[in-house]
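Next up: some structures, all given as structure tokens.
Paired with subunit B in one complex and with subunit C in the other, subunit A is shared by the two complexes that follow.
Moving on, here comes the complex of A and B:
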């Protein structure tokens, strides 16, 4: 377990994290979600011990074995896939036999077995991330830290990276993973929402949905009327939030019936729609916290 | 601990083998410098281009020109006029203009008969070489002329040595004719004349001897110069022992700095820090490969220098290696120090070059420290290379024992401890 006690971290004048008090390292996958500049990397580096708090204290359980995958690819590009894994295995004290066994296992998990001799530098983005994760878990760490592992990775490879993270978690390694993709929160057992160096919430995914205080209306394919409707809706006192998501229009309201009837009437008049009611998705959930934090206009 | 360090060393060598650019830099650079400094950076000019302006146009001046033509070190570019000679110097088509004055006779008796030599000072090393060679040649010429003069004098004195004495001219002769019978007189006359002639001859011979004694021996006029340790005064003999030091400090500092900063830049250093690897192990694991490469470079420069350029190594290898390793440790420390204050390879490269280039110029590698003003010499004394060079040169050329250089070796040891110590502290702090 890792406990942050009133941790503040500054870089010169700039405060990256402010008065953070939280406990990390529960079993499963702990997601760390926030926009750019929220303090995700700082938090992960503090956990890794790469940097130290400017104020406050971090309590770490003794002999905690860490695995760390930084934001940028940090394997030795001139070395082969297996060579990289051997190297990290050696550093972590694995003897030759255990190393080879573990490498075989990880190459299989990552589907990199066909590329064992290929130089790390010539792998594709997704393969690189899988190699980095494999190297970080060579020694079966207690806690695996991943800093935006799916950043810049194509959607198919993203799925594979998450599958690998889930496999690692199932093996018993606790995972702390940061991401700026909101939808990736669904892969996590717990999600910490970070914004401007502060923790907005740290809950289980279902708790976020359950505590969402509004009814959500979605006007499908709102098309040409979106702009006009948005400005009208934002003047309605019963509407908490209205925004466009793709070609859809999303409206939140506590007075569900009134707003629903109004939207259906508009849709009939303007031949738009259909109008549906739905459960909040992750964007809604996080936007709500940002609004409550006084950042209603800011979107991911 | 050693297993982790071993893994790191193994990893470094795999990387070096695959990264051709770095490998080329590590091995090619010393070889390139060897070629550059061994062949190209040579202050010795083999052949001096000479123009002659002959105002005398007599036997002596033609003899001098013949001698110049016969001289191996000189290449006579032409017999020219004063203006042409000046123009040739300006154009750089000649190195020296020797002007023979009107009335030249080999051994000048007045100022107007003195030879005039002009060199192009804008080409410093050529001018210095030319002056040295011309002076040597003219000194030889003077010696020859003196020899000739002495021979001539001797010859003219020898001519006066055979005197014929005619006794009939003496005042006593009529009396003797009356007193002696003719046969006896004739015998007496012959004996007396012989005696007289012998005396005159002896007296002349004595005088010739005296003159010869007073006359300087041209053979002794040229000082007996004995150049020790580098008899031919070859630049390459001076350069190679220094180059050993320069290669060591350059390669080691640059490689170490770049090697560590590259890990920092690529983010692999953070990866390493999260592993059980301790900062000391990381430092040792990074330094040992560069240390080994530097030792290989050391032997490379050493062997090629001795084999290819015939530089003598008169000292003992082991003590020299020991001092070189001390110097090497300081260089490793410098590299490590550079890496701790640089964020990327570009910065590291700039900083390393910034610390290394002044050492090439100010350490005495090329220009002697004695020729530098005091203010600058102080800067030189802060540089490790300044202390290694005299030891290296004296071990190579004089066969000195490096441990007799107590001050130099102590300073190198202090630098090694200081650089490595400070760098290690900073390195550890940087890693958090």
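Moving on, here comes the complex of A and C:
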């Protein structure tokens, strides 16, 4: 649908995206994941055509219909929920009958039917996001762009927003959605990891798990030995990474058996544990690329 | 106990924002406070900070009475919000000196140097804060909030939007300071972040609905899940889901 060829985008002196080559619109839900300042909004605005590359090219399929939900709420706060949707339907040239049918469907998907007459400005954060998404898919776009739809939204509403995104994807709309919450990668069919303007990786979720080069050990209930163990583990050459996650201690190693036995022994001596093998979470996956990139030197 | 709340309640007119909350947090503990928007987290934190007076109930923070000794409490805690309240036009060092002034730190030079050493800020001491990446800004904010070596540190969504390496670094420092006896209260609705706390307290509609270590919460709620090991987010959604249906408005 859309192809980036060596795209660089600068704002004055600052490089927001550097030499990006990628193809978008092939996965159902394509997640664009990275911390603040990674270049997520710039990438989405480039796809939307709101800004243009400083260098490189973006090739678009002809007659591609886009839907776009910006980071900030762009509905009319003083207008009602259904009224906002009617307005967007009119903008998209839907006639009255088709508009009404589509609005009924969208109100049902979003669970906003109970609030159809409510002022948009009075909705909670999660509800506002769902309304904005509904307005953006009014015309059944080929590609829907969502810029951090779950930012600052609480866990319950966040789940509802993701359910809505999945419903939209099932209808055949391809979705490109950005988030700073790494664990939201689990909702995506393809995950692009972005950091400081560069693509770290762009793969399917299972490929990330398969290519993770370390065994992950988790020592449960290790809160009490946290400081002591971490300083010892970080001196072991067989340990690639060790960190504390609450009362769990997480250890990566290529030499799984040796490290596993060592942790078992320690755990018995100091009443920590059990020691389990785990799978990497999305933060582990992201960190792995940062470390391979030498970004780990910026560790503090 | 650094924080001890007994039946703490706050009403605004007819609305009960915090409803009979009991909570104890010990010295050196990192306690996570989680809940949906409007669950009462902010009101509870404001009372603990001594900014708001409770309507009913009582409590002690750092040994001071929440009703009568609010100023003493305010003077002894550190606070860091998600929107780091740093001065973007000042350098790292100038920011630290400014906050040292606000917190009436004695021996400013020594404290500022000590913080910069500990947080690895010496190299960037003359950089303007606005030019720093997010993870570094966060680190400067963290150093500022702990300049006066507070016994209690309140963190509001401390690591949202920073990269995972910066985040681990932040938590490493935090675990270290907790081991030295600083008590930490973290409010967040990012469950990944809450999982890093020693203990988690969940709020819904003004009430404290569940409280314990992450593994305790897991074992308590595992019977209601088909998962062997539910995530904190699953536990949270399950618990909140059992509450009455939600309204869509604020």
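To be clear about the criterion, the second predicted complex is superposed on the first by the 295 of 300 C-alpha atoms of A that agree within 3 Å, B and C clash if a C-alpha of one lies under 4 Å from a C-alpha of the other, contacts with A are read in each partner's own complex, and residues count from 1 in each chain.
Everything that follows uses one rule, which is that contacts are C-beta pairs under 8 Å (C-beta built on N, C-alpha and C of every residue); 3 or more make two chains touch, one makes a residue touch a chain.
None of the values given here were measured: they were computed from a predicted structure.
Contacts of A:74 after superposition on the shared chain: subunit B is touched, whereas subunit C is not.
When the two structures are aligned on the shared chain, A:223 is found in touch with subunit C, with no touch to subunit B.
Of the two partner chains, subunit C is the only one that A:118 touches; subunit B does not reach it. Contacts of A:35 after superposition on the shared chain: subunit C is touched, whereas subunit B is not. Contacts of A:247 after superposition: subunit C is touched, whereas subunit B is not reached.
Touch criterion not met for A:142: it reaches neither subunit B nor subunit C.
In the superposed model, A:293 lies in contact with neither subunit B nor subunit C. For subunit A, the partner with contacts to more residues, out of subunit B and subunit C, is C. In the overlay built on the shared chain, the residue A:19 is in contact with neither subunit B nor subunit C. Per the touch definition, subunit B reaches subunit A in the complex via residues 3-4, 6-8, 10-11, 14-15, 18-19, 266-268, 270-277, 432. By the touch criterion stated above, subunit C contacts subunit A in their complex at residues 35-38, 119-120, 133-136, 139, 160-169, 171-172, 175-176, 179, 189-192, 195-198, 213-215, 233, 236-237, 240-241, 246, 248-250. Looking at the complex, you find that subunit A touches subunit B at residues 45, 48-52, 66-68, 70-79, 83, 87-88, 90-93, 119, 135-136, 145. For subunit A in complex with subunit C, the touching residues are 34-37, 111-112, 114-115, 118, 122-125, 127, 154-157, 159, 180-183, 195-196, 220-221, 223, 226-227, 230, 243-247, 283, 286-287, 290-291, 295-296, 298-300.
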